[in-house]
Each structure stands twice: as structure tokens, then as C-alpha cells.
Amino acid sequence: MDLGTFLIQVLNGVQYGLLLFLVASGLTLVFGIMGIINLAHGSFYMIGAYLAWSLSQHFGSLWLAILAGVVLTVLIGVALEWLLINKLYHRDHLYQVLLTYGLILVFEELRSVIWGNDVHGVAVPEWLAASIRLTDTLAYPVYRLWISAVCLVLAVLMYLLIQRTRLGMMIRAGASNREMVQSLGINIQLVYRLVFALGVALAAFAGMIAAPVSSVFPGMGNQVLIICFVVVVIGGIGSVKGAMAGAILIGLVDTFGKIVQVEIAGFRVLPELAGMTVYLLMAAVLLWRPEGIFGRRL
Amino acid sequence: MAEAAARETVLRTEALSRRFGGLAAVDNVALECRMGEVHAVIGPNGAGKTTLINLLSGDLPPSAGRVFLRDREITGLRSDAISRLGVGRSYQKTNVFLPFTAFENARVAAQSRLPSSMRFFRSARTYRQVNEAAERALVQAGLEGREGIPVSALSHGEQRQVEIAMTLATGPSTLLLDEPLAGMGAEESARIVELLQKLVAGHAILLVEHDMDAVFAVADVLTVMVNGAVLASGPPEAIRSNPEVQEAYLGTEEAH
Amino acid sequence: MAGARVRLAVLGVLALALAALPFLADKFYVQLATKILILAIFAMSLDLLVGYTGLVSLGHAAFFGFAGYLLALVSPQYEAANLWTSLAIALAGSAVLALVIGALVLRTSGIYFIMVTLAFGEMLFHLFHDTSIAGGSDGIYVYVRPVGTIFGWQPFDFEDFTHFYLVVLVAALGVYALLRMVLASPFGRVIVGIRVNEHRMRSLGYHTFRYKLVCFVLAGTLAGLAGYLAAVQFGVVNPDMLGFHVSASALMMLILGGMGTLVGPAIGAAVMMTLELLFQKITDHWLLPMGVFIVLVALLLPRGLVGLVTGARAKDDSRG
Amino acid sequence: MTEAKFRSSGRRKFLQDTAALGGAAALGGFAPAIARAQARKVRVGLMLPYSGTYTQLGIAIENGFRLAIAENGGNIAGREIEYVKLDDESNPAKATDNANKLVTGDKVDILVGTVHSGVQAGMLKIVRETGVLHIGPNAGLNAMTTALCAPNMFRTSFANSQVSYPMGKVLAERRVKNAVTLTWKYSAGEESVNGFKDAFTKGGGKIMRDLWIPFPNVEFQSLLTEIASLKPEAVYVFFAGGGAAKFLRDYQAAGLKGKIPLYGAGFLTDGILEAAGVAEAAEGVETTLHYGDGIDTAKNNAFRLSYAKAYKLQPDVYAVQGYDAGLLFVAGMKAVKGDIGNRKAMIAAMEKAEIDSPRGRWRMSKAHNPVQDFYLRKVVGKENKVIGVAAKSLDYPPASLCKMA
């Protein structure tokens, strides 16, 4: 692999990682702040992608579809928190796992009822449909670069929101001391609802902007969910910084795992076991720091 | 003092410290616990007494300093290893198995002294020695007749007694007792004080306690902690008359 | 003691009734009952982790599927495998796998533990899904069921659904008895103590990690037994068997029946399978009512069906 | 689709049928056995995907099969045909159960199916166990006509590596020196790549890299980057359906289209050229398959016309395979004059039958796989235009790998 190809592959890995970050950051915020494990998080990624597909056909514009989709998913998130999730704050994680697993089935099946089981492609918006030629054989799709840029902007916004705003202060305080926040007269219920909706919207938004490059297909949410768990475990629960580090790391490991060839004792280990690399990375992190790279010591 | 010097030192710390962020909860503490003595640690709330016990029992690793059990350094060992070396502790906040009966609490504690609990095929209830040790501990803690009741159904004072029974059931030679009398009625307190007086013969006891009457009734040595550091240490009479201590602690205590 | 005797009596009657089933019902129901019993073994093994030790694993299917794969891999393609050796390999394999995974995942707790067990289950899924070790995503078939002879005598024939059912029934009762025994043993008391208050167990001198690990291995091995039997029954093993839907359904059986009771998860398995059939009859989109049902159980039935009847889980813990 | 609604429970039907049979036997106890058997309808079990991703394929196969029967008058050799349909959901875990339901439950005389090769493998287990007559109208797993072959099993479609072998041959003949292959990592994909590789390397070509991606992932970006850096003279891929459409678009977006020519098994470009942007991305891609657009024979034209009339749909390769399965069944039935119980003769007749298929005439190999022509096709507009024959009467993998041969 020459240097140019190597750098392009790094770009591929980072781009994938940034997208994962969007999904994982929502997951880690909901974990860290609300203490809720939400298995249905990945379903919102899928819902976002399907919304992008069906709404963009309806409106004829991906941008309108994304706008409407985000509003819709925020509403769904608020409704879910209000109807179901807030019943679980004082319950064992086991019940959170079960309830949100039930939601996965409900969402997956509703998707099947509403949109069917086919794979669909989503057209890239025209002004981003170009490719930049990098080598004589390879061009890089502008849309992929645009995704990375959007993810980076959102990451910065999230950082500012958490570090610099009153809501962010409440979020940080809520994470460390529930009673204190309540004694300050802050409506923690409202904060939770907002955080949950924010998390869900992030996942759905990631699904929407990813739709043109990933296609939309049944079960896409679960794939992402599990990888995002790995991101969160590697980065440390509740740490947005950790989610970023974990996501980029996994993006790179996954990308290079697919293309690097490694043989051990005559067996081709990579790319044969490419699907396992991210989990092996997780195992290594567990041995080194069970609480994750940026996690608080347990 | 002469008598005390002859006794074997069981537990000893050297410059033991524990910091939480910038705060030194335990600061450069050196103390000794001898066989046949009750060493009481007193001090205002937040003085670092519980943290000190946590450092000795292995519930917390120290930031600096060393802990010795007899000649062996136990600094940084985990709590289960320290427990197996014969150091038993009780907790200030009741830390028992609420759904279990009082007997099962003590039995699980006593069972920890089997060479191993990796035994799968025989009912736990058929280990006679374990049952006897548990029963003995319950009687010592004043819980005879209450064995079959789930701890969650016992009174707060009785739960405190279960806490002590569990510690005793492990048959420790060194006891670290964190406010054993807290939450107990006068009658139960008297009983535990009596128990301590009886136990001291074969044990080294480190006692953290707020009940000054009880402390002066049983303590052979007193250490006063303030802000994580040792303010004074010595025989009870010397401490009682120490002006520094009176100002910092006892004086205010009596003023209440 | 009286409680134990009543339980024994009830169990005896139930066992007899179950043993009589193949002589009363037709093949479809016998095969359904076989499947339920296999899942009951799986759910009971998970109960040991979740209900008794307090370790919420979302990757238990890894051991279930792994043992199934081991059977498929050691079976000659068109001949019967030896029951005893293939079973021993499957059980030993899932035990070793549980030892390795357990040693890693038990370094974490709480939410981490849930996520990490899920992730390791997925790792196994990818191992079989992405490589050609055993048919990749298509899975692998066990064309002929294993044969178990004892010095040339063949006590049962797995190709006969009644024989297989009875063997599975014996296995399920055996697992139940084994777990009851283990739970009453010093080891069992330790793991229950760990669930209630691990910190205190440690300060009493228990090296809790080791007990949790042994418990994890035991649960994994029994899950392997269930997986082995499932592979024999269906004659096919595929990556989905290791996936998180299987793990989550087992968790659902546990909660539905009532965790920490052993009997509950078995009942949960029966109810879940029945509901699945029922929903499938009503609609092609049967996962929709199933999902709603799961949500409702999580919200409204924390102690499960057994808890509904006895109203007490604490009772089980306070024995002793 | 109208008369035989999906059967929700094969089992219930099974119970009713056995009861009915019992009754018939009691009443007609003195009637000659043959006559009674003749009176019974011939049952054709259709085990196909009627839900999920492969639904359209299942329907096309059934349509083709029914068309062949209808063209022969509906009743074959005097026997009425009854269809027993079962949705296999493309779920391998249920495959043996489902096949068993049809064979031992519904007592079908012949089992036809299916699309998904994992499900097919499960069916074969039952087919081998019970010895029921079987026609596979699609799934191309090599094993069916090599290691697993059996007298009662026939296939009217292809073997996975049979489709790709001609592509490798064509490229080798064109003196292409090296190629990269890319497929989903599952048995169909691997067999396809192996067939290509076999012909290509035999002809002097060199495989630079085997790339793959887990099924059914569609994130190709890093693999495309790798292809661009390897700069092979040709890329051979195996994808189908939505994944194929995605791949073709990504190949274009990555700037590889027009730089490194793309080749594939015919499934790469079949049935997806109508989707947005795909025809443009696929323009010029060459593939091999046993069917294509623009086969101008009387048989094909007649078939296309009557299929379109009957179903208001354009037929595709799956419809042809189903149609040929029907023709094969008809040929066997006619030879035994409707006595499907005469297995030996029926099998012998099916082995010898020459199928006058829309794809061109073909016969069974000794391994019961079609010995057929493979067309070289090129995407022109929205068509897979046949531009030549890539391999004539191809028997691959060689029937000698089957122990019947």
C-alpha cells in the first residue's frame, strides 16, 4: 500500500468513525446522564434512514426530508420518554434492556409494515453528487466529505452545548448529582426528556445523512447499535470525548481490518476475521482499562 | 503503659494517607493496634475515621504509606485477602444481606472460613462447624431467638447486631469496628460494650465510636483524629486531660 | 423442609405428566414440547447468572450456539456422530469459551457488563458468519443425528422423536436438580450473596471474581448443553443461533416466568413459544404484538408469572 | 395465487388429509390399488420464498412452473395437478421443518424449490432422507450436483460456479493478465468467485487479490479504494439485488467506472436496471448468464408473450428456470403416463429429457445439472443485451464430481 492509498484509507476510516460518533454520542449521553441503557437506539438510526428515503421521495429533496425527519424523531423521542422510559429510572438495568428490546421488535416490524423489506438506495443531492479525482483510478465522493464535515460541526456544537450552556451545566450536574440538581430547583425530568430526545435525534440524523452512502435496509439499526456499544465501552460511559476517540479508533480498525492481509501459520487471519477486529480491540481495552479510555475509574 | 508495651503489635500503619482529589481524607497516620487492647479512634465527623478503616480493611487502596499485619505488609491487598488474614470489619452503615435470615447472614460469614466455598454437591446447611460458628456469633451479638427472621424484618438496632455477628462469625483475630453502637438502644449498647470487654482478651480491636461513655469504658488506647491527621494518641486519661484535644474536640462535645 | 417436599411432589407429578405426553399428543406437540424443554434448559442456565448471581448477560446465546456449532463440526457429513464424544466436546468447548469470555467481561459490572457480553456474543456471531469455518452466513447442517451406544447397546434413537423428547426431558429435569443442588451448596450461597451485596461478600473474605467466573462457566456449559440439543433437534446451526435476539429472548423468558426461581424461566419458555405460535397464526407481522408484549411485561410484571402467584422472591433467598 | 391461498398451517391440512384418506380407504377397500392411486391428484409441493427479499423470485418461479403446466393442458398425462404452497421465508433455520411438513405432512409427490441456497441445503437433507422427487429451480449451491447429488434430485437453473466460469474464460481469451475479485462472504459468492478463478487462471490470468465483505453489508468504500490502488485490468464481482445496485453506483462514484472494467455473474445487473441511477452506473458492464435480453428465437418470443399475457409481468431468468422445472416435470410424467409412483422410469425420463427452453435447448448432465449455453451480455440502456455465447454446452463443475456419474 503506497502512502497515498494509505491516507485515503485513513480518510475512509475517519469518515466511518465520525458517523459512528454521531450515533454513539447519543447513546453515551443517555447512559451517562440518565443511567438508561437504550437498545432501541439503533432503531432510530434505521428509522432516520428510512425517513430520509421515503420523505425525500415525497418532498423531492433530501434537505426537506432531513428537516422533517429530525422534527419527527424528536417528537417520537419525547413521546417515548414520556410514555415508557421515565418509568424505568429507578428500575434495574435488566428491565431497561427488556423494554428497549421490545421496542426494537416493534420498530423493526413497523418498518416492515410501513416500508416493506426491500433494500433502497437514496440519491445524493445534486450539488454534492460530484467526485474529486485523487489518483488516476480513484475519485472521492464529495458527499462523503460533506458527511464528515457535518459530523465534525455537530461534535463541536455538542462540546459547546455541554461545556458552555446552562442546559449543558444541568446535563453535567445531572450526571454527577441528581439530588443536588433537584434541590437547585431545576426540573430534572425536563432535562432527561431533552437529553433522551437529543440522543434519539442524533441517531436518526446520522441515519439520514448516511442513507445515500449506506442504502437503507432491514436490520441496519442493530448492526450500528452493537458497534456503538463497543465504541462506548472503549471510550468510557458518559464521555463524549471517549465516544469520539472510540469511534475514530473503530472506524480505522474496521477499515484496515478489511484490506490488510495477515497470515499466521499459513492461515489467512485478516481480512478473514475482519468482522472480529473491533471486538478484539474492545477485549484489549477491557484488559487494560475496564472502565474505558476516558471513563471514570470504577 | 508498661503493660501495653509488652503486648504484641498486630496491626500497624506507617505514614498512611489517602487523598480524594485535593482533599487528604487520611493524612500521614501512624498507629498501632495490639493484641488484647481496644484502640479507639475518635474525632469529629469528617475526620477520616471511616476512611482509615477502609484503608486498613482493603476497601480502599491508600494513596501513600504502608500497612502491616504482624510482620507482613498488607498495603494495597484487596479486602477479601485481608479478611482471610484474620481482619474482620463491621460497617458504619448497615451492610448486611437484607433478604437473608439473621442466621444465613452469620452462616455466609462463617462459611468464608472454609478452605474454599467451591463446593457444589453438599447442602450448605450440613456443615456443622459453620453452623456452630454462626450460632455462636449470633448469641454473642445478642440475637438468640431471632435467627430465623429475615434481616429486612428486624429493627434497625438488631440489624446493627447482625452486622457485628457477621464480623464475629468470620473468627477474626483483629476487629475493625466502625461505630458499632450507632443506632442501638441503651440496652443493646450495654450488651455490645460488655461483649467488647469480653472479646478484647483474644483480639486486637480498632474501634471507631461516637459514644464517649462507651469509648472510655472499653478503650485501652485513644487516638484523636482531626481533618485526617492524628491530633493526639495515648491512654484515655492522658487524652482526656490533653488541652488541645479538649479544645478541638472533647470540649465542644461536652458543650452540646 | 416441608416446602422442599411439596416442591418435590409437584415436580414428580409434573415429570410424570410430561413423560406421558408422547403417548397422548401427536408429533407436532411432542416436537414443540421438546423445543420448549431445550429452551427451558437454556433459560435456567441464564437464571443462574441473572436471577441468582445478578449478572445481566446479553450474550448468553454465544455458548448456546457455540456448542451447536461444535456438534455440527465434529459430525461426519453423512454419518452419525458419537453422542458421548460429541457431547463432551460441545460441553467442554462452551466451558472453555465461557472461561475466556467470563475472565474478560467480569472485569466490568452494571451497564458495562450488559454491553460487553452483548459485544462478545456478536464477536462469536462474526466468527461463524464471516468465515468459512462452518458454512458462513448459511450455517451448517447436521444431516444425521448423533448416536449414543453403551458397550454396543443403543438405549435410544434420536431419529425417533419420542425417544429424543424423553432424553431432553431427562436432561431438563437433571439440569433443574443440578442447579437446585448447586444453589443449596456453599457455592450457591456465595453467588446469591454476591447478587445481594457483593461488596460485603468481599469484605467477608470471598474472592468474588472467582465465584462469579465459576458461575459464568457453569451457566455457559449448561447453555452449551441446550445448544447441543437444539442442534440435534433442528439439524441445522446458523450464526443467528449465537446472535443477540436469542440472548434477548432468553432474558425475556426469564423475566416473564420470574427470575431467581428456576421454575419461572422454564414456564417463561413455554409461554413464549406458545405466544409465538399464537401471534404467527394471527399475523405475518407477529413480531409486532410480541414486541408490545415484551414492553408490557417489562413495565408491569417485574417479578414474572411465578412472582404473581407466590408474591415473594425474597422467600427463596431467605432459605437457609 | 388465487385458488391456493397461502397455507398458514400445513399441519392442520395434514391432519384433515390423513383423515380423508383413511375414510377413502375404508369405503373403497375393494377397488384396485392402481385405480385409487390414479384418482388422486398429483401433488406438487412449492417451497419458495413468498415473503422477504426474495418474494419476487419465488413468485416468478411459481408463475413459470404454472405456465409450463398450463401450456400442456393443465392435466398432465390424465392426472390433475394440485399445488401445495409453503413460504420458506428464506429462513435456513426453518428449512428442514418446512420441507418435512410438505413431504411427510402433505405427502407431496414432487418437491419444487427454492431460491436461498441455505434453505436449499436444508431441503436437500429431507430430500435425501425421504427420497422424494425434487426439482431445484434456482439455488445454485455446487454441492447439490457434486458431493450431495442423488438420483431423485434435479436442477433446472445453474451451479454457482457454472455461471462465473464462462466469464473467467472470456477474460482469459481476451488476454486480460490480472484481476481482482470481490464478493459477499457466503457460499454462493465464494463458489462464484472460484468458478471465475478456475477458468481465468487456467487461461493464464492471475488473481491479484480476493476481496470480500460480510453478507449482506454494502459499505464498499475501503474496498473500492483498495481496488483503485491495486489497478487490476479487470474486476470480477458477485452481488445481487439491492446490494448490486449499491455497488454499481459506488463503483461509479469512486471514479472507477471507465478506468477499470467491471465484470460479474449475470445477477449483478439483473432486475435492477430500472432503479434510479443504476442503468447509467452499469452501462457497459459485461456479465455471463444462461439468459438475457434479445435472445431472438421463436421459443423465447412465444414464452415472453404468453408469460406477459398470463401475469402482466415481463419474465426474467427466474421465471425461465421455473418454466423449465415445469417442462422437466411434464416430460417425466408423460413418460410414465401419469404413474408418478413409477419412480425409476420417471427419473430415467427426466434424465433423458431435452428441455426446449426459452434460454435454448439443454439436457441434464449425469449429475442432474443443466448442460447449457452461457451468454455474454452487456448492459446497454436498461437491457442486458446478449452479445455472444461465452461458453457452449457447459458442464461445470464437471459431472464427474458426482458419484452417480
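Letters A, B, C and D name the chains as they come in the text, with residue numbers starting at 1 for each one.
Assume a residue touches a chain if its C-beta (ideal position, glycine included) is under 8 Å from a C-beta of that chain, and two chains touch if they have at least 3 such contacts.
None of the values given here were measured: they were computed from a predicted structure.
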| request: Between B-C and C-D, flag the pair that has more C-beta pairs in contact. | output: B-C
| remark: By Cα-centroid distance to the whole-protein Cα centroid, the innermost chain is C
| What is the chain whose Cα centroid lies farthest from the Cα centroid of chain B? | D
| message | Nearest whole angstrom, what separates the Cα centre of chain B from the Cα centre of chain C? | response | 43
| request: Starting from the mean Cα coordinates of chain C and chain D, work out the distance between those two points in Å. | output: 39
| said: I'd like the Å distance between the centres of chain A and chain B, where a centre is the mean of that chain's Cα atoms. | reply: 49
| said: What's the distance between the Cα centroids of chain A and chain C, rounded to whole Å? | reply: 32
| query | Hey, what residues on chain A touch two or more of the other chains? | reply | 274-275
| said: Residues of chain B that contact two or more other chains, please. | reply: none
| field | Contacts with two or more other chains, residues of chain D listed in rising order | value | 51, 214
| remark: Every touching pair of chains is listed here as A-C, A-D, B-C, C-D
| If you look only at chain C, which of its residues touch chain B in the complex? | 181-182, 184-190, 193, 196-197, 199-208, 210-211, 214, 314, 317-320
| request: Could you please specify the touching residues of chain A with respect to chain C in the complex? | output: 31, 35, 37, 39, 84, 87-88, 91-95, 97-99, 101-110, 112-113, 222, 226, 229-230, 232-233, 237, 272-276, 279-280, 282-283, 286-287, 290-291, 298
| Touching residues (chain side chain C, partner chain A) in the complex | 50, 56, 58, 104-105, 107-112, 114-116, 118-120, 122-123, 126-127, 129-131, 244, 248, 251-252, 255, 285, 287-288, 290-299, 302
| field | Complex contacts: residues of chain B adjacent to chain C | value | 57-59, 78-81, 83-84, 89, 91, 95-101, 103-104, 107-109, 111-114, 117-125, 127, 150, 152, 166, 170
| query | For the complex, which residues does chain A have touching chain D? | reply | 1-2, 4-5, 8-9, 12-13, 15-16, 117-121, 123-124, 131, 133-141, 143-144, 213-215, 217, 255-256, 258-259, 271, 274-275
